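Presented sequentially are two complexes of subunit A, the first with subunit B as partner and the second with subunit C.
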Partner chain A sequence: MADLSQDASVQARCVGDAAIIYASDYLNKLSGERIERECKRQLESGRRALIINFRDTELVNSIGVSILVGVIDAAEQSTARLIFSDVNNHTAELFQMLGLTRHVSLASNEDEALSLVSEAQP
Partner chain B sequence: MIQPRILGRINRDEFFGRDAELRLIGRHAVALDDTRVLVAAAEPGAGASELLRQAYDQLFARRGDPVPIYFAFRAGETAAQLAPRIFQTFLQQYVAYRRVEPSVCQARLTLRDVLELALPGDYEFIAGLFQLFQREESSTENLRTFCLNLPQRFAAARRPVFPLIDCLNLQPLSRELTLAHDFVSAFESSSAPLLIAVLRRQATELIHGFENGDRRAHTIMHVDRIDDDSARNVADAVARRYGIQADEATRDLIVQQLHASPSLISEFLRTAHEKQLPLAGFVDCQRLYVDELLGGSIKRYFDRVLELAGVGPQSRSMLFRLLSESATSASRQASPWAWKQRLDFGASEIERLIGVLHVRELVNSSGALVEVNPNWQTWLDYLNAQYQVEVAHEPRAQIVASTLLHMLKRSSQTMARKYRREVALGIDEVIAGFDCQKVPASLFHYDKFSARYRGEDDEAIGRGLDNEAELFELPQVVQTAACAAYSGNLSCETERCVVAHGFESGEYADANERVWICAQIDSKLEASRELTADWCDRLSAFARQNLFKHVRIWLIAPAGFSAGACELLNERGALGSSHQQFEILKSRLAPQETDDTLADEFQMVLPMSADTELIAARTAEQIARRVNFRPEAINQIKTAVVEACINAAEHSLSPDRRIYQRFVVEDDKLVITVASRGVVPVLVAGNGETSDKGNGTSRRGWGLTLIKSLMDEVEFERVDDGTRLKMTKYFGKS
Partner chain C sequence: METNNQRLLHTFAALADLGQEIANTSDFAEMLRSSFHLLLGSVAIRRGAVAQYDRQRDTLRIVTSRGLEAAPDANFAITRDHARELTSSDSSLSLQEAAAEAARFMEDHPALFTSGEIQLLLPLVVHERLIGVVLLGEKASGEAYSEEDLETLRALARHVAVGINSHHLLGEVKRKAEENQRLYEGLRKIYKETVHAFAAAIDIKDRYTQGHSVRVGKYSEVIARELGWSDDEVEGITIAGYLHDIGKLIVDLSVINSPERFSAKDSKEMSRHPSAGYEILAPISHPYADIPLMARYHHERMDGNGYPDGLKGDQIPPGAKIVTLADSFDAMTTDRPYRKKLPLADVLEDFRANTGTQFDPQVVCAFCRAFLGEIQGRKERRLLNLLNRNYDNVESVTPLLNRLLAEFDGGVMTASVNN
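Moving on, here comes the complex of A and B:
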């Protein structure tokens, strides 16, 4: 059963070994840090995969993106899988421009992201 | 409606060339501007006293608050004389205004007469002032103190006044100047608007202490000589009034020789009328001019200044010798000490003499050196004539003959100079507008321009220039002056040869300092190599004489330069343009329409606080939608705006914590500027690149990289304080 948690307006739920974290409409320093904190919390609790869902995200700024780099580092250190889902075209373009897509997979929606997670598991 | 003449000495419809100044004064009277004191800093003979009187008449006719009060200080007036005159002027003009009876303004009245004329509603207030005046009358000091506070007393009684104080007759280092300073300082400290007219070289002395840390304390309004067209209108109007028939060329000559001075022009024509002299051509005009120099209004004008300077009959001869030597010698300058020795004057006498001549602009004094002002031809003519009379002691008939012959020979040169001035390209104005703009490089290289565009129409040239990849970044010019204003013996006309000092790259550093020397040269055909070499040599020698470093020579010839000349220009690193190139450059440098009322321009100031960049992004989105940008382009613009705001907030150490934004929709693009005060971030001061490589591993410094990727053009514009980022997005691109 999915477990829904909320940390200072960051929504997250767990599906099996994966945690799905929902980004807000504007990814800036504050919202980025909330995502980062939630991701680290999920990793510490043993999740093997993180899915950040950007379905509500209309705008991102470079500070928010730089914090995502921190999340990528944290996931790599924990050998956890990190997937971004529901990223709109403009944000995807920015992620690509800044090199994030070399370190993280993009999925068109949550189901696709969960499939990627299950494919990767032994 | 014709404005009635009250204090004005000429009718409003004959008062030309001062509409802008009258408007400014009108706005200041009703506190529509942002300053307490408007200081009219006037060139001698520019008609500033009449400007104040005309302003008074205009305000009198306009009615409403405040009540205008015109007061003129007089030379040699003591405190005991001054205070009662100020008091009576204030009361009399106040009563005249309230009664709407202009004739009361200057009527010969006693104070009791004025009191009797006060309207019933004003009687108590005026009587109260009158009683106070009588109480203090026995002590000059008390009376002075009482009068110093007159504007405040009127204001306290809710009867605001607008003093227009004429300080144009004050002599340097005089007692009345100190008195005037006390009065205007006291008037200034009231919150009411105040206008002070003063000779421009005396302005600092009179208004020192005004600021007191308040930047809005005063604003300077320059009252220079009126332009030639306005002076010609004056001559036309006065000639009409006196029924004098003068052809246009003669009227132009009168204007030129009398330095466009309305009072001298009026006096000149009045004399012609009184003596019933015709002005049917240059001979008539110069004959009268010589008369005026030797014994008429011109002589009286300059004699009066010399009298004020303390020059008595015994010292006149030596003074004319000194001044003539200064006017004609190569060095032109002498020390005050040399003047003192030769005139046998005491220290205070010489100080007063030079002070008066300096503020009246007959000499230029730096303190250490004195020279005759070479730019006032009427004064030089007077000097020359008086030298012949009082120093050379030549027979009068001979002086008249030689002066008249000289004037007639000079007439054509005077007019030619005027015509050349009128068709001058306006190099100084164009250079002053360089402001670090980038222009097609071919505009400064006649050979390239000619190769590409010879025979093309304007439209094709415009298209070609728009597409040129090689751009020339102009300096930011901070000062321009005619070559003639510098030392050296470069002989050229003021408007045609200009020195401009500035900085390249908009950065105030020694390495970026540049001196441009620009000359408009004459040549019917393409300028030859010889002519070009001659000009380059002359300007280079001029630069060396003046110790200019980092010099750029720019020659402008009507038809451009021959192949050999272009080769020479290139060899010497000089620039060469034809008149056509110059005019194109001028049009390209013309300021863009930045009127606040433009329909397609939006400005916004945001505080630097959390998420305010979102407001900017939403605004940019709305504007971009209005001009039908595609959705992906709108997103790019929004992100760029967000990043620009973040950069401004993070890096600027902004003292006001504000972000200034401007969105301008042009024909094919949206231009967004985001500015902030404060320090220039290293990434801007350097090469504009971040250290980020966009590999997704570094944590910060992506803002500028993103902006550059998302927008079509990005540049940092030069500003004195902080940064201004200009971002452009074209409609047609994604």
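Moving on, here comes the complex of A and C:
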């Protein structure tokens, strides 16, 4: 994987206009803020879509949720598409319950996320 | 999982995490930021702020925010009546009232918020005191706040309030402690200045020994430091040196200033001064231990032939033994009405002859070590600076000092009588 992240602790790669960012096993303050920084960096560099891959994520705590809400805000301000992929059932239910899915599409894997991105493009 | 259970678990987890965040007393700003993040994340709120109440200035100041345009440290005026209303409504504020408070807040400060940006205002109250408010914007779900949300947010806000209040209390305790320390230092300074004034008064009374008390204090300080006493103990012995002759204030002036050696009658009058000194010093609460005892016993001797109580050996407090040597050293190295100062070699021979009978060997050795250290340039010149006014070629006594050390060097004497 060509890791484009400037933060060694966050893995990220780009596919076309989309940046794929990999969340860690526990999305809390520390790891969440790294993700947020990376997302903002990708948006500033002109990415039109962000895919956050939760394949390794077991748990998202309240700070993690708040940080993801911040990422949603940032993506909306940049009119960029935000997709969460590989979200486990428990976390998907949490995102659903808290209304995050109103702003974010959930994809079962990266391929699906990438096709959602390409569908949205003119 | 059922949504209600999921929500409960998420709230419990937020409360548990919040407890940990609030325990972070080292970084208040970070504690607040993280706690507020947790509160927002519990219901997925898009924006909001925490404002701290300043009851002196009647203002609310934003101390942390997320997603709001308002400046991070913006101040808002709030009336006393409004603050009281918020305080009393803390636990009873309904959803409608919290929304009405938010609307009122935005009306009061239209320049800082866009319409509808703040949807709820929750007061932060601890022990019936307003600590601040939490301002909350829309939920990520876009739905209106529910009573359930309000309960969750109230519970979390209470924790945030306690965190802010604890920080405030800790700050107050720290400020009080610093203030007390300053007051204490001030009192110590006043005490030392008073002691200096007393020392000057004692020495002025005896025109032949001007500066004696201050020199005895300084010699005592050097010896105690050489013996490894703590800074506080060294300060105490210095003060004791300054005050050791305070009892002379009640001795007849004609006796003190007699140009001849004391008669038996005069000696009896003079020998009252250690006990008199004790009587003067004992009622005072000194910041250092045993100062009255050092004045009382500075004419005691190791062999028990001293006065006023004829104590011997370890019965004599260590501090008094130091003052005894310092007192004798200064007496022998300054001119007296009935004799000139002695050559330094004679002074050290006197020490040698009287170590064990008059002087404690450990004190004598400490004095010799300090003296040698200064001659050899290993120590700051304290004794030498005091002696150089009266003596040339002080270095010539090096062999004598070495001999004294060879004969008497022993263990370490501590400040406490019992140690």
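Criterion: the second predicted complex is superposed on the first by the 116 of 122 C-alpha atoms of A that agree within 3 Å, B and C clash if a C-alpha of one lies under 4 Å from a C-alpha of the other, contacts with A are read in each partner's own complex, and residues count from 1 in each chain.
Basically, a residue touches a chain if its C-beta (ideal position, glycine included) is under 8 Å from a C-beta of that chain, and two chains touch if they have at least 3 such contacts.
Predicted model, so just to flag it, every value in this text is computed and none were measured.
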{"item": "Clash or fit, subunit B versus subunit C on superposed subunit A", "value": "clash"}
{"item": "Contacts of A:Tyr26 with subunit B and subunit C, given as first, second, both or neither", "value": "first"}
{"item": "First, second, both or neither for A:His103, with subunit B first and subunit C second", "value": "both"}
{"item": "Partner chain in contact with A:Ser62 - subunit B first, subunit C second, else both or neither", "value": "both"}
{"item": "Colliding region between subunit B and subunit C, picked from 109-117, 145-153 or 271-279 after the shared-chain fit", "value": "145-153"}
{"item": "Footprint overlap on subunit A, comparing subunit B with subunit C", "value": "28, 61-63, 65-66, 69-70, 72, 90, 94, 97-100, 102-103"}
{"item": "Parts of subunit A lying in touch with subunit B, wherever the complex brings them together", "value": "26, 28, 30, 59-63, 65-66, 69-70, 72, 89-90, 94, 97-103"}
{"item": "Residues of subunit C that touch subunit A when the two form their complex", "value": "1, 3, 6-7, 10, 13-14, 17, 34, 37-47, 66-67, 139-143"}
{"item": "For the subunit B and subunit A complex, residues of the former touching the latter", "value": "610-611, 613-614, 617, 632, 635-636, 638-639, 642-643, 646, 694-700, 702-703, 705-706, 709"}
{"item": "Of subunit A, residues touching subunit C in the complex", "value": "28-29, 61-67, 69-70, 72-73, 90, 93-94, 97-100, 102-103"}
